[in-house]
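Next come two complexes, and both contain chain A; in the first it sits with chain B, in the second with chain C.
Presenting the complex of A and B:
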């Protein structure tokens, strides 16, 4: 703050009593004002995230069947129940597969798209905006698009694949657990890869161009330049994206719920789907809260471990 | 920049691939919404429509509650957007431009909130809002959507604030202008693109939100498009024409908004990204 005030400071030095006090008073009022500015935002987050988190823990220690009834205190009974259930562990495993599949597909698509958008070609500025199209439409639209395109009544994908010789006969993309999971990962990646694309594009634009130019002058081919310059310099961004992306795709509920509702026979029931079903289909609110708390702890553990390993890499 | 021929070919093929990957599904759905039912479910799908009808739109707007859902979604989206801007802009200013105690800790908390899994607090929020009498009230969705848009919005404002020279503020400060006046007269006009970007982000998140809207709203006339429309899927025996028309209409508002301020939004996303 003081940097831009050469004049007042000299005055201050000449008359420390008056100027110093005035400055201090102004700083104090600025701090107050700054607090005033952040309070509404932080207050809202505290009321709608932090406080419900506390309530979730409380709920998980009771036996609540109906919202509004306090429910008996049962200690850790819900937790032992949940941890003893195969369903919980299976959903956890499915969430892992879901997150890993999304990470691979989205990173591959996004990297390719970002490298393309980093070049100059006619219409690139428009392309950089509209690449986000799949990300800005409601999930329910994404779901309808793909349910129709993949369906056997008028869907385009089956005839296309048959014509291309990739399939012998039309298939049901959601009929087996494995293919339902694979298809959902692809649909969700279709929706989310543009967001990752822009993040990678941002990192690409920050790589100094003369580095690439120098390598080109030395006769390095395109692949070599990518391998030796672009790829290493993208690493920090990619690892941050991996952490944020993991959390964001873990959270995905609506695409799964609206496409398969967790089926067939639980094949796409990830943890968010399990929580939703337990709470709002089975009305076992406390048990759902226990799953929520366990899930939250696991994610927090992941986030801490990931950011630790990233700082370690930075240090090395 | 000069590229070799094979590289340019690779570039062209990749561009075509992404153009088809993103564009073709939308083309099929939007053109499909104008096809006659028998063409929609034809065994040999058509790329160029062979028939034209508005019957699906007529049915959607007359015989279903879709118009109500649209209005509700617009109300919730616009209100969340305004509220997010009102909360995010001063907060971001305090974070990135003012002397703020506990800045680091608060900023970390904000980042953590960004990737927060909403489903974890779904049940307690339902309970809390039930106590406050907010269940089955659009206000509940406005509050929740603002909450989830806020962390990312504050973070996005950072890049816009960074583009404004500090000298400008300080000159005004030297002239004795109080901070709120500086904020309103000097900064807000300069960061309007940022404000637009935050507004668009909040609107889009609200426009697409399904989870909380499906739980916190009980009566049909208060449903938003994602939930109401998802209800239509199951309600009738799958009437693809109706669904395609509904999907096309749900795409329209975000496309209009995006064509107006999409560029500001994208620069907000990329300029301040992952630093």
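Presenting the complex of A and C:
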């Protein structure tokens, strides 16, 4: 009598002679079935994502200023104009600074928060929920809160810094290009670091506890354990976060527009802000579409390169 | 009565009823007065109008200033646009360029004959051989100040720039600032800067032929003065929007600001002592003799070419501008919206509002200041389509930021500003 689990009664099992062909045929039909399942989703994506993209490319090849006004076909003129504009490159550079600043600050904050929340202490469950609060507050509220806190008319931050001796006199946090960008990065990081914290916390819970325990028994200190065990095992998660975070940060518009409107003196005018200004303040829809297409291509290039790099790392 | 007679009578009544319903002209009004109390006041007026005019039904759909520049052209292109749309002067050329706005010159002429419309209010919508909107309410900037702060410093209200500079310098001490002047990139800063220009004989952005007149020594002097006063503003004023200046004034941190009104904020957050709230004309350059200000009228555009809708529009606006109704309309935000008609400025319906009564001297000064109002790009009947993107991209405040934040010489910044305007116009 056969012991254990019964073998599946498949066609291949019944007729080993045609196993290869049968397997191929079954895989083919599985593929067809899978395709059938994803077709509605693909159709929806094509309708909501691909079609607008096609329209944006078409718009960028015309000379449309206002919505609802027809435009003549101008070929690549908008692209050559945009690429020859200093504002485009300056905004691109600011976008890179914005992304890098957010990546560093958010990762540092999130890593610190995740390491603390990974410990066992009374109230850790409440703390894990509490840390999410800044993430769920609507952007408009975040902006109002921070503009008020940083204001010279009743804001708390300036008096606190003056009393602590860190400042001699109140300052304007949005009064110079550098301070405005720095302040915005901090505000945006404050808003988004809980999301990154959750991701890192999830990754931390997947690190086997016995590795840490073994290292501890071998006499490794906390820093050594973090450097040799935690950090390397967090790398796959951090790599994914780098790609997702870069794409998300790059496209942030609301918090910048509501806080500084791209000022002062263009100091926080990133590419999304430039696109909005060009389309809806400068009434140059086609030129804005050209900037959008160029930005989209750059982001797509980054995503593909990052994805390949991660695949290579996984393979190695 | 037989069954047949009864049926015929019922059918006739139904047909008559439906006939009158069919004859009703529907008007959809889009406006950007979004605060709930303003929407409520507009609805009260619409209900009253609709009840008095059974053949017309006006409905409102409040919109957002932040979205309307994109939404209105899109809606009109899709055939879902409103029949009536509120506007400010730099919004009208956009809709005119897409061919959506109707000329209302004859109607405005008739209203002027009856109510005596403010010339400057009509002027900013009069160009290209037409009048493109009916002015409804005016807004004009003034110098708002705390009387107590000036009295404590032994200062009189400044009339000239040299007096102004001396006063702001003296008032800036002990964590208080003589003036709150914005230097951010936005409409508020554009409008504040233009106050300096119009008080120094530099009101024109364009020459008669459409070339730019911005780059001139008077404009550079105006920017230099604005930058000089900006030094006596709070450090965060380079990032100010509308509410920040009012907050600074209401908290007493700023002794004075340039603003359309501070009445509501002062009443709710600044103590509300009307006797201590000062308002004055904006000081002029030492060589000038007249106090000018930025002022512009909000207006309503007709977007339908249907003769029935035009007739209904004229009936509705005529009703709204009647003194008995007009004051209630203006007081949807008491102390901010000023009358554009001579009889409206005397109407009981305007002056009977409790807040208007309390701040009557201030409002009378605001109305007097508005008489010398101008708006950049809409002076002397010379209006060119490029003013919309120039205003939209806040070129006037970009130039101030170059001076205040980047330390560029005012003359060089103004010259660069003109080049930017030329680029935009191309």
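What we mean here is this: the second predicted complex is superposed on the first by the 272 of 316 C-alpha atoms of A that agree within 3 Å, B and C clash if a C-alpha of one lies under 4 Å from a C-alpha of the other, contacts with A are read in each partner's own complex, and residues count from 1 in each chain.
Everything that follows uses one rule, which is that a residue touches a chain if its C-beta (ideal position, glycine included) is under 8 Å from a C-beta of that chain, and two chains touch if they have at least 3 such contacts.
This structure is a prediction, so every number in the text was calculated from the model and none was measured.
In the overlay built on the shared chain, the residue A:261 is in contact with chain C alone; chain B does not reach it. Contacts of A:69 after superposition: chain C is touched, whereas chain B is not reached. Once the two complexes are overlaid on the shared chain, A:154 sits against chain B and chain C alike. By the touch criterion defined above, A:217 reaches neither chain B nor chain C. Legend: residue contacts after superposition of the two complexes on their common chain; A:173 is shown touching chain C, with no touch to chain B.
Between chain B and chain C, the partner in contact with more residues of chain A is B.
Touch criterion met: A:277 reaches chain C, while chain B stays clear of it. Once the two complexes are overlaid on chain A, the chain A residues touched by chain B in the first and by chain C in the second are 67-68, 151, 153-154, 279-280. In the complex of the two chains, the chain A residues touching chain C come out as 65-69, 147, 150-154, 169-177, 180, 260-266, 277, 279-284. Those residues of chain B lying in contact with chain A across their complex are 1, 3-4, 7, 11, 14-15, 18, 21-22, 25-26, 28-29, 32, 40-45, 86-88, 90-91, 93-95, 98-101, 106, 109-110, 112-128, 130-131, 143-144, 146-147, 150-151, 154, 166-167, 170, 174, 179-180, 204, 207-208, 210-211, 215, 225-226, 229-230, 233, 238, 240, 243-244, 246-247, 250-251, 254-255, 258, 262-263, 265-266, 269-271, 273-274.
The part of chain A that touches chain B in the complex is made up of residues 1, 4-5, 8, 27, 30-31, 33-35, 37-38, 40-42, 44-45, 48-49, 51-53, 55-56, 59, 67-68, 112-113, 116, 119-121, 125, 127-134, 136-141, 143-146, 148-149, 151, 153-156, 159, 190, 194, 198-199, 201-203, 205, 222, 236-237, 240-241, 244, 247-248, 250-251, 253-254, 257-258, 272, 275-276, 279-280, 285, 288-289, 292-293, 295-296, 299, 303. Remark: chain C residues 69-70, 73-74, 76-78, 94, 97-98, 175, 183-186, 234-239, 241, 244, 247-248, 251, 253-254, 388-389, 392-394, 398, 401-402, 405-406, 424 touch chain A in the complex.
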